[in-house]
Amino acid sequence: MPLKYLVILGSVRDNRNGLRVSKFILEKLSHLPHEFKLLDPLELNLPLVRTPLHFFKDPKEAPQILHSINKDIVDSDAFLIVTPEYNQSIPPALSNLLNYFPPASYAHKPSAICCYSISMFGGIRCSIQLRGMLIELGSVSIPSLFSISKVTEALNEDGTANDKTMDERCDKFLKQLEWYAMAIKEHKKTIPPS
Amino acid sequence: MPLKYLVILGSVRDNRNGLRVSKFILEKLSHLPHEFKLLDPLELNLPLVRTPLHFFKDPKEAPQILHSINKDIVDSDAFLIVTPEYNQSIPPALSNLLNYFPPASYAHKPSAICCYSISMFGGIRCSIQLRGMLIELGSVSIPSLFSISKVTEALNEDGTANDKTMDERCDKFLKQLEWYAMAIKEHKKTIPPS
Amino acid sequence: MPLKYLVILGSVRDNRNGLRVSKFILEKLSHLPHEFKLLDPLELNLPLVRTPLHFFKDPKEAPQILHSINKDIVDSDAFLIVTPEYNQSIPPALSNLLNYFPPASYAHKPSAICCYSISMFGGIRCSIQLRGMLIELGSVSIPSLFSISKVTEALNEDGTANDKTMDERCDKFLKQLEWYAMAIKEHKKTIPPS
Amino acid sequence: MPLKYLVILGSVRDNRNGLRVSKFILEKLSHLPHEFKLLDPLELNLPLVRTPLHFFKDPKEAPQILHSINKDIVDSDAFLIVTPEYNQSIPPALSNLLNYFPPASYAHKPSAICCYSISMFGGIRCSIQLRGMLIELGSVSIPSLFSISKVTEALNEDGTANDKTMDERCDKFLKQLEWYAMAIKEHKKTIPPS
């Protein structure tokens, strides 16, 4: 059963290391029998959220781009978020993007976090906050976490890894995401979630 | 498909309000076509953990009670934790109990949190910490949370509710737990999680 | 010893309830023998942070508005943050604003959080994440928290309270902020923090 | 102005690495012009908290050991907590010890966290939860954190460090604790906190 993954980037910073991480991840995904799409907040260039999509009384008044992104979220079977941490917290570009859309769009879909930093801590403090946010949005946060410490040493700019354990850890992580995405998608066919 | 729930209490305090909450929850569970078992840290009376079960070099040297509890965890399909918060945090009786056992025993099973307090906040700060702990143990924390504010007003000592919304919220919460427990149990039959 | 407070709003949402909260707080501050200034992300209208002030190689290349806000932060003795929570998390307008400036600007100054929501939970989940962020920025998060549950019932649009306990709680909260701000400002005169 | 530090250990596990960490810290403290005392939950051997000290109607009925520990907490000017993380969370031996005593005993005193682990993450996830708990108890959590990654490589069993940066980081950390402890103690002489 083919799945649709939505990969969401967290950073819009100049010289963001997220690009080498997303290259690494997307290359991995390209070998799986699934589809994937990338949401990059730098390209989307959304302003700070003043009215989330679901707060428009008349949905037609909402900008077309919000409908388009929402469709991507609704259509996907699983979320894969690639994010640094800014001051221990979720990057505003990421929380801003996620906040635009209703829990109904995220609900009953698994999400997986790939976090990174140039320090030893690999962005795990952001992952703690992000799990809380994803759960509030109704997504199921899979237990496995793919954290990348010292990201500029672990990955080259072209997204290749310097270290075999990176591949092994990522494969295991993606396997868990696939497992939960399939379990949930299958069960939805039998019993619609309420 | 019948499920096995393991209900775990968080408090051992004198006059704990957890008893009225667990009565309410257990009564609900008794109407479902599933089995359930209660783990009460007050009855188990485990000392502060010095050696978790999986740290014994020879498992035979571990106290029999640890093997027995571990079997309950391994045999169950889902966890339902009923807990207050002590100073914003996980009650030590609860973290002590959970810490005794290996992630392998909890992995690939959903967990649900029912938290309560006598204040308006309903123990939600404990739930944030507890989700982190459960995920680290490999359990999947379901998005739905059943928090009970002003617990002594919401529930009587015999576990009956003063308010219909309690029943509705609890039914919805248990339905989500059941949904995820079934999705995961079914999928395990097809593809063993790795 | 007069103090300088910097009041920072967290929301830019249309119809934000933060305005009634900030009116309430600013009225309280106007009776104290201190100065205060308001930072409103809606007025500042900063784009999503791509280059924080301290990441510019040549500070002169940074937008003037960043230098101006940074001066406000540096000049203040204490921070008072008035914020809702968006999906359990820090509003992106707030994290975006705070992320633009270096820890050196916030360090060794106390911060206090006034959080609010239309639910019973009063925004306390945001406060947990925000404390982590403020501490990472070097600010000392005072223990007292001023959370406002059911904010539209607790406060009128003009910032007046419907309930005496609001005044008492706020006065106590502001007193603790003053106490720590003075303790720290005094001690800086004797021993510069390192 | 001499200060009184209370050093509190978090672990009671067999073969706990906390001993090498506390040796390292206590040696550092022995060179400062301050007093310090150690609270070790393994020696105290308190049962899981059923009745905190302040919940006894007649304080005389509380065990003498609780009065004795409470006096240590009340008499101290600052807390220094040395702790691992168990499954991302506060060790139960530590939360159990802290929960026995009222916020009044901890209030208006700074606390500092030294966390450690055998992984790269140095126990920082525990520190996030612990800061929340300490703040709820009324203590001020200083921004500086002394986390020790790969603790068995960083410190020898006798508490000596293999690496100069350990000394530098610890000295800086202790200096910040001292600075806040002095600021607060001085200010209490002028204005009693309310």
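First chain written, first letter: the chains are A, B, C and D, and each begins at residue 1.
The rule is simple: contacts are C-beta pairs under 8 Å (C-beta built on N, C-alpha and C of every residue); 3 or more make two chains touch, one makes a residue touch a chain.
Note that the structure is predicted; figures quoted are calculated from it, not measured.
A.B. asks: Which other chains touch chain B while also touching chain C?
C.D. replies: A, D
A.B. asks: Return the chain whose centre of C-alpha atoms lies at maximal distance from the corresponding centre of chain C.
C.D. replies: B
A.B. asks: Approximately how many whole Å separate the CA-defined centres of chain A and chain B?
C.D. replies: Taking the mean C-alpha position of each chain, the two centres sit 29 Å apart.
A.B. asks: So what's the Cα centroid distance for chain A and chain D, whole Å?
C.D. replies: 37
A.B. asks: What residues in chain B touch two or more of the other chains?
C.D. replies: Counting only residues that touch two or more other chains, chain B contributes 125, 128, 132, 135-137.
A.B. asks: Considering only the defined contacts, which chain D positions touch chain C in the complex?
C.D. replies: 107, 128, 131-132, 135-143, 172, 175-176, 179-180, 182-184, 186-187, 190-191, 193-194
A.B. asks: Within their complex, state which residues of chain D touch chain B.
C.D. replies: By the definition above, chain D touches chain B via 12-14, 41, 47-51, 55, 86-93, 95-96, 98-99, 125, 129, 132-133, 135-137.
A.B. asks: Provide the residue numbers of chain B that touch chain C in the complex, in ascending order.
C.D. replies: 120-122, 124-125, 128, 149
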